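Chain naming follows the written order as A, B, C and D, and within any one chain the residues start at number 1.
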Amino acid sequence: MEFLGLFNYWVVIVLMMIGFYIVICSNNLIKKLIGLTIFQTSVFIMYISMGKITGGTAPVLADGITLYSNPLTHVLILTAIVVGIATTALGLAIVVRIHESYGTVEEDDIHAKDKQA
Amino acid sequence: MNSLTPELMLQLTMLVPVLAIAGILLTGRSENVREAVSVIASLIVLALVIGLYNTFKAGIAVEVNWFEIMPGLSLSFRLEAMGMIFALVAGVLWLVTIFYAIGYMRSHHEENQTRFYACFALAIGSVFGVAFASNLFTLFIFYEVLTLSTYPLVTHAGTAEAKKGGRTYLGILLGTSIAFFLFAILGTYFVAGTLEFTQGGVFPAGTSVAVGGALLVLFVFGVGKAAIMPFHRWLPAAMVAPTPVSALLHAVAVVKAGVFTLLKVGTFIFGLDFLNELPTTDALLYLAGASVIIASLIAMRQDNLKKRLAYSTVSQLSYITAGMLLATDAGITGGAMHIAMHAFGKITLFFCAGAILVTLHKTDVSQLRGIGWQMPVTMAAFLIGTLSIIGLPPTGGSWSKWFLLSGALDADQMFIMGVLMLSSLLNIAYLLPIPILAFFPPADGVARPAIKEAPLPSLLALSFTALMCLVLFVFPQPLYELAASITQ
Amino acid sequence: MESFVHVVIILMLVTTAIAIVRVKDLFAVTMLAGIYGLLSASFFVLMDAHDVAFTEAAVGAGISTLLVLTTLSMTGRFEKASVKPQADYRPVLALVLVTVTGALLIYGTQDMPGFGTADAPVQTHVVPRYLNDSATEIGIPNVVASILASYRGYDTFGEVVVIFTAGIGVLAMVMSNATKMPVVQTALMSDHVVLRIVSKMLIPLIMLFALYVQFHGEYGPGGGFQAGVIFASAFILYAMLFGLTAARNVVNHTLVQLLSALGVLLYGSVGVVAMINGGNFLDYNFLSDDPVAGQMLGILLVELGVGITVASVMIIIFFTFTARSQKEGEAD
Amino acid sequence: MIVHLSVLQVIIPLIAAPICLLLRKSELAWAFATLVAFMTLAVSVALLSQVMQSGPVSYELGGWEAPWGIEYRVDMLNAPLLVLISAISALALLASRTSIENEIPENRHTFFYIAWLLCMAGLLGITATGDAFNVFVFLEISSLATYTLIALGKDRRALWASFQYLVAGTIGATFILIGIGLMYVMTGTLNMADLAQRLPDVENTKTVFTAFAFLIVGVCMKLALFPLHLWLPNAYTFAPSIVTTFLAATATKVAVYVMIRFIFDVFGFEFSFTHFPLQEVLLTLGIAGIFVASVVAIYQDNLKRMLAYSSVAQVGYIMLGISFASQTGIMATLLHMLNHGLMKGALFLALAAVVYRMGIAQLSQMHGIASRMPLTMAAFLIGGLSLIGVPLTVGFISKWYLVSAALENGWWPVAAAILLGSLLSVVYIWRVIEVAYFKPVSESTPDVKEAPAALLIPMWILVLANLYFGIETSLTVGVSQMAAADLFGGLR
């Protein structure tokens, strides 16, 4: 399990960084938002991993069970997921409007059009 | 009259000009009423200043405290000898200049006269703030108000040249005051813990001379209004302003506020003893000396009369700066007296230059040959002013120069003595020919033109200031007493 | 076995993420992102986080995919191929930045308590109180629900407000300027008769399930948020099959907006009532004479508030998006 | 009710927001929102006086004691900021109805006021809370509302600015989330006071180091520290003018507050300045920010953009104060946060008035505008002087303390740099004054009237505040001094 511990976190970090990379690097605004989602979801995975106890169960109290995984991280991430979808929805709304007024959702096209103006 | 306490009088010297602004703006429609407001305000202020002088002579201490912004940082005022000199000069000359301006501005058909008189009043109000400030912070505030209120006067003409001049003016004055002066004030506050003007200086014993020396450099360069080289450029640039502005502000109020500040700082922040110990004092003294000579040399090459006078001012200001840096009682006395003497002399010259401009539309020295026959009064006044600037009897200028020389002697500064001598010679070379040539006969074959003098208010004004140059030679006593009491 | 599944899932996550970077077809990217959501939901199940898994599945694989697809229908499905003649420096810069950030994070993990350890600070501080005392203090078995709605109920209030804010934002930005909606409405899948019939039967069941999730949250995974999402998806399904106008006839647009506000207000007023009764904001103990009964009542009400707001905001967002896209379709 | 003050000032606007939606009519929504903002102001003033009299206030939300529940904690550090936020918000709302008339389509006005209230509640919530994760939640409330408000700007570039801010802001927030997570994994708690107690045991770990780094970078993104400021100029330029007023005066200040809270209270002075090269980083970036942003500001024709860059520069000053790592330094920072709020509030309101009349605040179209809009430009002039740091304005007071703090450390060059920065601000402010006052009215100057009273009144209240607190400094200086003393006295 010791190996898995480090391995798990490292892979999660790789996931985060892939998301981060998509955010910075994509030219397409929708893909940027998807990257943002990936980035955030990976952070959620990190949080949930932190709360796990080997051999624990879901934190729904029941007789005969003494070892529960940390319920607090679950609560935090529930909140964070909601925040994430709210951000995505708002971001998409802006993208829709950008598409209407610029006719494109590609970053460099937008820059080019702004320069023209 | 009981309600008119000295404290109230002191505050009124600043408030009356501000109230006058309101009056000027309200009555802007009618020239006569507007100018009457200015005249009345300046009369009141003059009366107040004379009242204060009597109070001061009676030995009554006057202190006013407006408010304290933070501990040790307050807006407050105190009546004191050096400030009294400055206030008297400014009070007398404001009235005179208003008269002069009425004649000049009307016959020159200037625009925006309402703004002109309003800014003028604000500038004078802040001069009194500078004069009576009891600490460096208060002085700094009014110093900046003075800069800002004179900016519209400099750019009055609204031409591209005026804009450029205005930008130079503001750039140098604001720039030096924020980058150096404010920095020096902060440093002083940090080292000494106070900014109060105190006899003998504020720095505690054992203050590092290196820090003190650095602060002195910052002060000397930071007070851009003292126009020490290389921060003198704003003064010639400001000559684009109408002549009354050049006369009062750039021969008297603004530049004198600069050297006044330096004298104050030298005497009451550093103290003469500490000043003597500083490693940078001598270097700055030499710079001031160099400034005197170089400015005179530049002045010789100027054909534009106002420009020539401006460089002459730069040179004369450095006299006073040098007087402070000599760090002797006589130097300070001479410097303080020179504030007044130079003011009367130089304003006379500017008045004359303006009078020539409005009457004969001539601006260059080379055009002035023989005009003494047309404008005898003006050119006679010019001659008196010239003598005063050079420092020759029978004019007041000879006294202040005498004290500066004896200050240099006390301090064993042969270099400065030499500078003063040489500069007097240079003064003769670039100023005296003007009135003398004016009375040369015009070129052969040209009929001597009829007398055509400046408008009467202007003529009266310049005669008065010329007369004052002579009077101050005969009765220098009150002025001397004030100046000599500064360091006691 | 568990650790094997664990490794497989995270490797699949990595594969999906890399695929998302490479693929240019945004439709595929969206689907992959949905898969990414589903995979992380499975991972959460493995981590004993059933509530989170439920939510992530509903959001990551459900709602957000749907929203992105709706947006794509307006903006076009392909990412522009990079045709810049000069070398594009951005990927390199991004790579450097990402590497540095990642390296810092990996550096940071070195002193972290090992994965799954029971004596890590996260397990020994603060949390034991929830696990040991919530049964007596709150009286419901699902500890996540206790914390969510009571111990940290204020965070959840914030969360509802976040959702409400997003709804307001979408309305403010995308709401059509015209007061009347376009009349001609073509449902996305109106041709599929079988689908329509099956769905018509399914929709009531979905709603019933939503209600179950809503009110069962105290005992098992579920709660207001998940219920709200499910409830909204029933409507969205209806709208997709029978057209927006039909859906609007069922639920009026203004009404949905009011409901979204009412959900927040319901949550807020529970807190205010507690205040009026002499407790602190959101102190459910003061809702009833019996503290535990008060807690139960409070949690029930706030979960309901969450459910109402989430469902109505989701419906608002979906409706405004599709209305916009159809309007745009006409304009073309 | 007195015990509830700390939570009331957040939940009043929070609950008022959905009520606004129920009101539907924009006039009603405006009246209600303004009323609510003034109520909030009253509450926060009462709260400040309570804190000043009887010390920090702690409030257990849901009745659960910390660290199990969420705690609101108001002390001398955040109480003044709460007053600033609610005061600026109230004044700006007063002007908002007029200001947005020409900038936002009629049918979106109600949503505008709702988003405004949410934004305000979010900012207040971040400031009042004593729980690290709660910071994140309220940060997102205010951020989402802010994105909406910015996107409502009439230029299409507002949308692009809003999107850029959304991406930058979300990255920042996610960094903060990572930081909080790493702190949590090492301590098991989210409560700030509890964190402060438990962090020292683990402060030598790499994890805590990383947590701190992520937190600071995330916050710096939000407060637009150079070079993470790229989102700010566009956002401020294209947002509706009144929104810019509100954001410029409050939003970055809140982020700075979060930073100070974490640096000094949660992680502690010791850790922040010895285990972490915070001093060097903030000093370098602060000075670089001052100079680069000020120079860029000089070349802007759009005045909103000019002031936006000026805001970036001002953040530099604020960071300098922190980097001094002294009580005077932090006091100067706190003072400047409040004072800068007042200056920028006044300046941007003046620009809002210009935009209201002219449609855009473009310097090249403002020749001689002072003769057409004398009161507005006089307000701009005084605000500008305050920004420069002319005596008798608040700007002078904060610069004074900043330089004093620099001198106290013996950092003469830094003191000189601060004054040189002021010189640059002289240049960009004076450009405007020269054009507005001394250029004759030209043909390109639109024929406009003075701004309506609805804009002038709040503007001049702020201008007078600039002067009042520049002269009567006992309140602002006193409060900052107490807060700084608390931050240093509370050292462990």
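Here, a residue touches a chain if its C-beta (ideal position, glycine included) is under 8 Å from a C-beta of that chain, and two chains touch if they have at least 3 such contacts.
Here the structure is a predicted model, which is why all the values come from computation and not from measurement.
Student: Looking at C-D and A-D, which one has the bigger number of contacting C-beta pairs?
Tutor: Comparing C-D with A-D, the pair joined by more C-beta contacts is C-D.
Student: Centroid from C-alpha atoms only, then distance chain C to chain D, rounded to Å. What do you get?
Tutor: 31
Student: Give, as an integer number of Å, the spacing between the C-alpha centres of chain D and chain A.
Tutor: Spacing between the chain centres: roughly 28 Å.
Student: When the centre of a chain is set as the mean of its C-alpha atoms, what distance in Å lies between chain A and chain C?
Tutor: Computed value for the inter-centroid distance: 12 Å.
Student: I'd like to verify one number: the distance from the centre of chain B to the centre of chain D, where each centre is the average of its C-alpha atoms, in whole angstrom.
Tutor: 45
Student: Where in chain A do residues touch at least two different other chains?
Tutor: Only 16, 20, 50, 72-73, 76, 79, 83, 86-87, 90, 94-95, 97 qualify.
Student: Give the residues of chain C that touch two or more other chains, as numbers and ranges in rising order.
Tutor: 105, 109, 112, 120, 122-123, 126-127, 130, 152, 155, 158-159, 162, 165-166, 169, 173, in rising order.
Student: Could you list the positions in chain D whose residues touch two or more of the other chains?
Tutor: In chain D, 133, 137, 140, 144, 147-148, 151, 178, 184-185, 190 touch at least two other chains.
Student: Let me make sure I understand the interfaces: which chain pairs count as touching?
Tutor: So the chains that touch one another pair up as A-C, A-D, B-D, C-D.
Student: How about chain D: which of its residues touch chain A in the complex?
Tutor: 133, 136-137, 140, 144, 147-148, 151, 156-157, 159-160, 162-163, 166-167, 170-171, 174, 177-178, 181, 184-185, 190
Student: Residues of chain D touching chain B in their complex?
Tutor: 388-392, 397, 400, 403-404, 407-408, 415-416, 419-420, 422-423, 426, 430, 434, 437-438, 440, 470-473, 477
Student: Where on chain C is chain A touching in the complex?
Tutor: 3, 6-7, 10-11, 13-14, 17-18, 20-21, 26, 29-30, 33, 36-37, 40, 43-44, 47-52, 55-56, 59-60, 63-64, 67-68, 71-72, 74-76, 79-80, 82, 84, 90-91, 93-95, 97-99, 101-102, 105-106, 109, 112, 114-118, 120, 122-123, 126-127, 130-131, 134-135, 141-144, 147-148, 152, 155-156, 158-159, 162-163, 165-166, 169-170, 173-174, 219-221, 225, 310, 317, 320-321, 324-325, 328
Student: Going by the contact rule at the top, pick out the chain D residues touching chain C in the complex.
Tutor: It is residues 4, 7, 11, 14-15, 17-19, 21-22, 59-64, 67-70, 105, 107-108, 111-112, 114-115, 118, 121, 125, 133-134, 137-138, 140-141, 144-145, 147-148, 151-152, 178, 182, 184-190, 194, 198, 202, 205-211, 213-214 of chain D that touch chain C.
Student: So in the complex, which bits of chain C are touching chain D?
Tutor: 104-105, 107-113, 120-127, 129-130, 150-155, 157-159, 161-162, 164-166, 168-169, 171-173, 175, 177, 179, 257-258, 260-262, 264-265, 268-269, 271-272, 274-275, 279-286
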